[in-house]
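Next up, some structures in structure tokens.
Two complexes, one shared chain (subunit A), two partners (subunit B, subunit C).
Up next, the complex of A and B:
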């Protein structure tokens, strides 16, 4: 569906300032600075996922009592590394890639400042490396939450902070790029839907990282001995201002990827953009107060605050996700009906299920829906008391973040990366297989984890034998969860291989049908 | 410059008009279901079978250590465990890597168990089959949970489920329920 490039006259000078090309698939103008920086961030994201995934598989296989892969010290170091790499580094690098993409390429514009963009990227890479190296050395086994009075090496906190400053600069560059596109007349009227969604994610990321600075600065001072103590309950409030809000950055970015896949694979969008934009805004309204659901059994807030902040606003936060679910599926259905699909489910037959983008869309929406339910159940006070810090919690967060966000990012990357590097996706069929295998692995793992959670198996614990006193029913679900983690590990490794191969040896092409294969059967 | 025709960046004309009926209906449906769930969620606190009211107050690790020692000395039996008569509040502490003291409680009675940490964050988890009780334990804050002991006597395992250091997996305690 290549389209003729619009050639507005006032832009002749603007174009002369930086090398650029015309994208044969989308008809958008791609400036070289934005293109290179998007690719750099995406590559860093894939590497972070590789590291985080490797830690994750090691954790899953260690927690299976039939396997116990790692010793206790290596396990707790891996646990910390998994949280940092898979929950902080991978999504934020990918979101910065999305920010650069959405504020430049989607607007036919240049970046506000290539220097600022690369400075942000460099800081993020340096911070990420500092944190990962100190974790592997074993001097920072405090889990990614790093609750004081647990102390990690100073380098851990400094690495976190350097990364955070880099991410903040990336957000600044994103905002100024949009402002510049508008000031120079490249952008008129409302933002395109995807840029709008990414802007919502950026606002949440800004709040989130700000809150993280408030939590981690005192923790660093405490670890350095410059501060006598940090109240862990106060720290928890600020830390989850980072940790929780960041998960909604992930959710918003995931939804953006759903629309991205919808546009590139099926060539369509939501039926009504106002509906989807309202849903994006609702995330901004409800996300921050809902961090209260992390404290439902804490010795801090009163029961009334817990019910309003943790439970009721938590239900409200389900509203935008359900709206997006309707909008994505409804958009696909309406488009396919226009092309002649009939009957109640006839439109589902017109989708190519062997397309990695379609596979990712389906798997991501399904597992995210399960995780959303799983987490919502947990916000009810008595149920939270049953499930808090049991395996129910990792089950929930892997459903939403891994099954939901990570799979959506993978699917979108299968379209975005070929477009940016102008190479055909290497191993198209393997890519589809990878998505389904990853989904099955995550499904098996998280279901077994939920089962273990209701039995009371603690999370973040190396070994659960408790010198023979643990209930005998604990081993089976944890072994099954380990099996699921292994499956996802294989599929995750396959994703990294496909991405690297596409970057290095994918066939060079400008043919739209090869760059963005249609998901229509 | 107009947005391109490509669906990834296009903006259909008239997108900002009032939402169509089916979208509005869907929004109302989910808003109403969120409200219904809120009512059920709160109702559970009134009519549910497993409700454990909690309360909390501020303390310090030093004061908490003294409180638990005094309590433990007063009720300590020959087995080294604290035998708590019904109607008495129990005091425990989480310390790397043990919950202290083990409690001996009478079956079928209401007790309030107060607990705090004397070092780092811990997770207090009474292991039950689908009926776990989990509390976050923090230094400088005491949390009290009012539980009704089971009518069946037995030994109930307490494990730590908040990562507290390299010996975390060995951190446990016991509540013994006797007739």
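Up next, the complex of A and C:
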């Protein structure tokens, strides 16, 4: 990417009250407050991923009949910890990092309030620690869904709520930072594409967290004994307003990472920005009603509502993802053709497959696409009748959230962190290997889980032997899934090592070629 | 002008082919899932 010259602005004197620098790769102005807070959220995200990943590997190796690593109590505590750390904490910390980055650095602007930003971060860390500590202590083995009448320690709900309030404050700071950039004249015209995408993610996150507060407050009161009971059907509807919508916060953030990698590794963007912005808006339109696909076997909704809300709109929700897939691949192809690529697929030979960003883009898009197949089958009412609560569900979830979102976050982190800390990525080749290994592990695990799902193996269950009554065919796919989980665990640990090493011992540099290695062959 | 606009329209043929293959496999697998269900129902 070309290095832009620092451009003095009319407000330079006013804004010079906070230390800043010019990024040698992007030419953007980086204020120290925004930079430090982005790094802090990214570090918290990586730690959450490490914790969630460790729980996940333990679950995978327990569900493998050949190993059965954990006892039942430790298994259900790990299941809860895995859901909370890997599905809530890791993505939201990373998305808050993206929010700070997109509303300040990308706009050449300062944060609205550094104090508010740090207050949000502190609440998120405190809430996360409360929740994780009580899970590890064994007083909250209710899975991350915490359906009543299951009851966890009060600290579990309070931790969840404190984390949610922190995340809401981060969204408020994000919104006001954009407004401030506009008011100060730093931001003119439309938002940059990445900021636009993050803004869509923030809107979904606001709806999601608000819905979670409505679900979890009564659950806390019930846990404390202040309420005699919580209607499970009402709780489930509000909870999935959190759980389902949050997954589309992840999907939107994943797409933002795809565009980020496209810009930093290949120096290009989508062919048509309007097309991509419409696709982002479609996520806002379709996401909330599709939470109905979590209730396809519930007695509480009519078949008509299930078919329209769960199935038909569920299909529609695949459209924006297809549009973004077209925009990202098309952007790369058009750019590479301008540089001389010929033939139908000659452009694929012009990218450096040994670049971790390119590897992450390819692996993320491929596994997310497979998850689209799986998800469409599950959101189809008749197919859901036989796949509901089988291993099909974790297969789909891991394909889109882990294979898709987490890999995209990892690939983007390999560019974002070096740019922020001005250090070269430590272990460049290891980073590429890590992405491919993680992808292979996730592919093996989720395909075996899908296979197990077609055989009827239940999810979320510690023991599937049923005293020798279970079909013998259940063991093989679950053992293979455990093997895949182990491979991904090794690759996940390698990601943490590379990130920590980059932060601590990465070579200090301002050379654009070292900070953002080109993905062009 | 006409030739130029035609060239622009087809600047991403490889991407369109890849997405076409994906969608075709998607539809085939969706129907295969129904066939699988029907077979299981008949067998049971």
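Here are some notes:
Note that the second predicted complex is superposed on the first by the 514 of 521 C-alpha atoms of A that agree within 3 Å, B and C clash if a C-alpha of one lies under 4 Å from a C-alpha of the other, contacts with A are read in each partner's own complex, and residues count from 1 in each chain.
Please note the rule applied: a contact is a pair of C-beta atoms (placed from the backbone, for glycine too) under 8 Å apart; a residue touches a chain by one contact, two chains touch by 3 or more.
Computed from a predicted structure; not experimentally measured.
After overlaying the two complexes on the shared chain, residue contacts for A:455 are found with subunit B alone; subunit C is out of touch. In the superposition on chain A, A:274 makes contact with subunit B only, not with subunit C. Within the superposed three-chain model, A:322 lies in touch with subunit B and with subunit C [touch as defined at top]. Of the two partner chains placed by superposition, subunit B and subunit C are both touched by A:386.
Once the two complexes are overlaid on the shared chain, A:227 sits clear of subunit B and of subunit C alike.
Applying the stated contact rule after C-alpha superposition, one finds that A:150 touches subunit B and leaves subunit C untouched. Set against each other, subunit B and subunit C differ in how many residues of subunit A they touch, and the higher count belongs to B.
Legend: residue contacts after superposition of the two complexes on their common chain; A:463 is shown touching subunit B, with no touch to subunit C. When the two complexes are overlaid on their common chain A, residue A:307 makes contact with subunit B while staying clear of subunit C. The residues of subunit A shared by its contacts with subunit B and with subunit C are 271, 322, 326, 376, 380, 382-383, 386, 454.
Across the complex, subunit C meets subunit A through its residues 11-19, 22-23, 25-26, 29-30, 33-34, 36-37, 40. By the touch criterion stated above, subunit B contacts subunit A in their complex at residues 1-12, 15-17, 19-20, 23, 26-27, 30-31, 34-35, 37-38, 40-42, 44-45, 48, 50-54, 56-57, 116, 119-121, 123, 125, 127-143, 157, 159-166, 168-170, 172. By the touch criterion stated above, subunit A contacts subunit C in their complex at residues 271, 322, 325-326, 329-330, 333-334, 337, 344-345, 347-348, 369, 372-373, 376-377, 380, 382-383, 386, 454.
On the subunit A side of its complex with subunit B, the touching residues are 1, 3, 6, 8, 11, 25-28, 72-73, 76, 79, 106-108, 141-143, 145, 147-150, 185-190, 192-195, 231-233, 236, 260, 262-264, 267-269, 271-275, 278, 295, 297-300, 303, 307, 311-312, 315-316, 318-319, 322-323, 326, 376, 379-390, 454-456, 458-464, 466-467, 469-471, 473.
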